[in-house]
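Paired with chain B in one complex and with chain C in the other, chain A is shared by the two complexes that follow.
Our next item is the complex of A and B:
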């Protein structure tokens, strides 16, 4: 069997003693969409930046290995890493409004991205750029080519960002909250586009989001992160049917589900008390300070991630042992 | 598209129009100096102390040694503008290099370069300039270099601040994820975005450089082999009470040039500064 597209083994990202990501194991197969979910400050974006080795200073990445298609990225010299960025891994960001250079035309930015990694003539790059704009379903791509970014809407800009990201046919596309800044209708279009590009170009997609609605519809697998740890991993169907970890349950509980007739009219949504920050220095389970099911032993040892079903990992022995007695969600 | 917008804003602005036209006249005058007055302006051509209008051949009169004031003004424009623009170019080169390195890389390099910049800023620039020129032999080239060397900290600080702010912008981060090199990100992605305030400051710097050169010449620290507006004022100072026009005419030339540059600078600020909301 082929090696997985991306495999993180025991990866830790630390900022002067504070660990933003701790001992993370993550596997992403070819052609798969893996969603990373969690609230702000859980280390989702840091994980994404770690994969392309662009963690802001003074952050340091340590761990056993970070394999991209079998190649370990951790010991790679910076020049070799730079060659991989854009060609093997590319990334799109949350804010399409600020992710494009305001003083360069859209077309030129795509042309530059193509010519960074490929020796092609300007004319060829231009043709390719217009094809890319067409690929991301921008109407009248030749006209869009000469526009400055501020003339485009948010959705259009995000499409341009995607065009730039896939310009050199990367194997892995990291999308860091790609739709958070967009209208709901545009959100669906962008995610559909990512989905179809993924199939067309055979990419793996690492989708970072805090929107559980996005996860159900577009992800093949979900990893829930809390305070830099992966606390649960499953397919969306399993995760939504049988969430194990109290944090996952809390997240699901704090979401409106119009399909399940749970709307804002039914009273206040339950919330998870406290914030991620309050958990930073705790020993034992990182979620213990905010957990409603907390037991004394939770505060002593960090619970290991254990297999609780087919393709379902969770890190909460309390819920596992008491599973029959835990009240059902909703 | 954006460029024509800026140009349009400039043309609609009366300040820019007046400043630009004045500057154009001065530059044309400097360019045509050897056509208008082919002889050396320091030649004694007529009797001394002829007032302006006294002889049609010498419309601005002659100085205490019988040199043509008009020829001096025209040739002096050359020196003033040359020193003004060349020293500003040096200043920009140094300032952008230091500011960009400090703002882009941050860390210890930023600390070191910022301290260096502050060190230069603690010394009053004109005193520093006098010391430098006194050490070096005063020629047009050394004066230009010295003015550039004393005035780069302003640009360095401006560029550093812009680079620091832009460095964290998402489009720069996006450029990094595409595998662009540091040099390319700094020069192609960040620098064009950092330029508007630098362009505005540049016009003021040219004006300051011209003033500095005049002040040096006035103190007798200018290049003795060329006639500049400052030298002319210096010569006239000794006869200020009897022949005040000898100081007033080159003084007016400086005032007009500096005014033109400031008008252009202000108009550029209006056109390029996004915070003023001229959209």
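Our next item is the complex of A and C:
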């Protein structure tokens, strides 16, 4: 069997002693979409930046290994890592306007990305850039080539970002909240595009999102993160049908699903009390301060991730042992 | 009689290369104690409409009535009694609170402006208010940077509540918040509505949130209202193709093939040079020549359901 496309083994990212990500294990197979889900401050973006080795100072990545198609990225010198960015792993961000250069035409930015990694003439790069704009389904790509980013809508800008990211055919594409700044109608189009490009170009996709709704439609597997830890992992179907971790259950319960047709007349929404606390200094389970099922032992030992079913991991022994008695949510 | 009634309102912004008609001929009514949802994509004019109601943007044409009185052209002193009856909460609680003002100052300031003279009386009102938004009165001496996003939005809501308004315009009040905090704020807003009989204009791009909070929903597209209905009819039997596409785009709990009626050909549509006829026609799969030439008027389907479409869905 092929090695996985991406494998994180016991990865910790710390900023001056504060651990934004702690002991994270993550596996992403070839051609797969893995969604990292959680609220702000859970460490999902830091994980993404760690994979592409762009964690800002004074952040430090430590751990056993971070393997991209078998190659450990952790000990890699900066120059070698830079060669991999774009050709092996690429990333798109939430706000396409701040990641595009406002004083350079869209075309020049794509050409620059191509010629950074490939020795091709300007004319060839130009042709390739227009093909890329066509690939991301921008109407009239030749005209778009000469446009400045501010002339484009948010959705079109994100398409340009995707074109730049896939210019050198990376094996892994990291998308950090790619549709959070976009309208819901455009969101569906962009995620459909990412899905079809993934198939067409044979990429793996690491999709970072806070929106559980995005996950069902577009992810093969989901890892739920809370305060720097992975607390649950499963396929979307399993996660939504049989959520184990109280945080996952809380997130699912607080989301307004169209199928549920809830209105305020049906009563209050289930809340998770409080807000995400810092991962530092907490002993025991990181979710204990907000958990409605908390037991004394939760505050002493950090519960390990255990296999609770086929391809289903969760870090909550309390729910696991009481499972038949825990009421279903949603 | 409606608490708020907006008739044929126009709001225009001057931009390089012309005039952006953000709101064009919008009529809207809100009854006392009612929550009206206003949905649409970014740039559809929903925030401009909200701000115009509060006199935060100039009205180019049309009328705004509040409690039966025409307040469209009131300014200064004559507007002040109405200002305390209509308040607004904005999307980003990081931008809408003054970082140099303590929470107490932020909440007590409107009381001072509106004539509550003694500091003790102001403190009493403000402390009661903090409790009603589930914050401890001990936090009053703190500055906004000491609070989380959800707590800041509670403060922003408290500030809007200080003068005991009858109507609050909420502009994307939960869009910047995490899901778990969003539920807390929605619950708070619905509790306040129930306990104080508040009316809301709830502006959002998120149809699933609007469905939860609203009694009636207005759907807006490029400056015009395209459909109005009670929330149940709008979700179960939308009549405008745009509304249908908006509903289809909401992510579902179970994966399913989507059959959106909306074409992908967007990016060229702008409110500076809006399309002729029905403004939605370049994106609509049901568009005919009629749609390209004639502006569809809002027609009445039932007492609570109105649609502006030449070929409404059945």
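One rule holds for everything that comes next: the second predicted complex is superposed on the first by the 322 of 330 C-alpha atoms of A that agree within 3 Å, B and C clash if a C-alpha of one lies under 4 Å from a C-alpha of the other, contacts with A are read in each partner's own complex, and residues count from 1 in each chain.
Keep this in mind: a contact is a pair of C-beta atoms (placed from the backbone, for glycine too) under 8 Å apart; a residue touches a chain by one contact, two chains touch by 3 or more.
For clarity, every value in this text was computed on a predicted model and none was experimentally measured.
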Chain B and chain C placed together on chain A: clash or fit? fit
After the superposition on A, what does A:152 contact: first (chain B), second (chain C), both or neither? second
- Message: Applying the document's definition of touch, where does A:304 land relative to chain B and chain C: first, second, both, or neither?
- Response: neither
Touch check for A:269: first (chain B), second (chain C), both, or neither? second
After superposition on A, vertex chain A (C-alpha centre) with arms to chain B and chain C, in degrees to the nearest 10, comes to 80
Inquiry  = Per the contact definition in the header, classify A:214: touching chain B only (first), chain C only (second), both, or neither.
reply    = second
* Kindly classify A:99 by the partners it touches after superposition: chain B alone (first), chain C alone (second), both, or neither? => first
Between chain B and chain C, the one with more contact residues on chain A is chain C
Where does A:77 make contact in the superposed view: on chain B (first), on chain C (second), on both, or on neither?
-> neither
After fitting on chain A, the minimum C-alpha spacing between chain B and chain C in angstrom comes out at 6
The shared contact residues of chain A with chain B and chain C are none
Touching chain C in the complex, chain A uses residues 39-40, 137, 139, 152-156, 183-189, 210-214, 216-217, 236, 240, 250-251, 254-264, 268-273, 275-276, 330
Given the complex, residues on chain B that touch chain A span 1-2, 106-107, 169-171, 173-181, 188-189, 192-193
Interface with chain A, chain C side, in the complex: residues 35, 41-42, 148-151, 178-184, 186-187, 190-191, 193, 205-209, 211-213, 231, 235, 245-256, 258, 260, 262, 264-267
In the complex, chain A touches chain B at residues 52, 54, 57, 82-87, 89-95, 98-104, 112-113, 116-117, 148, 161, 164-165
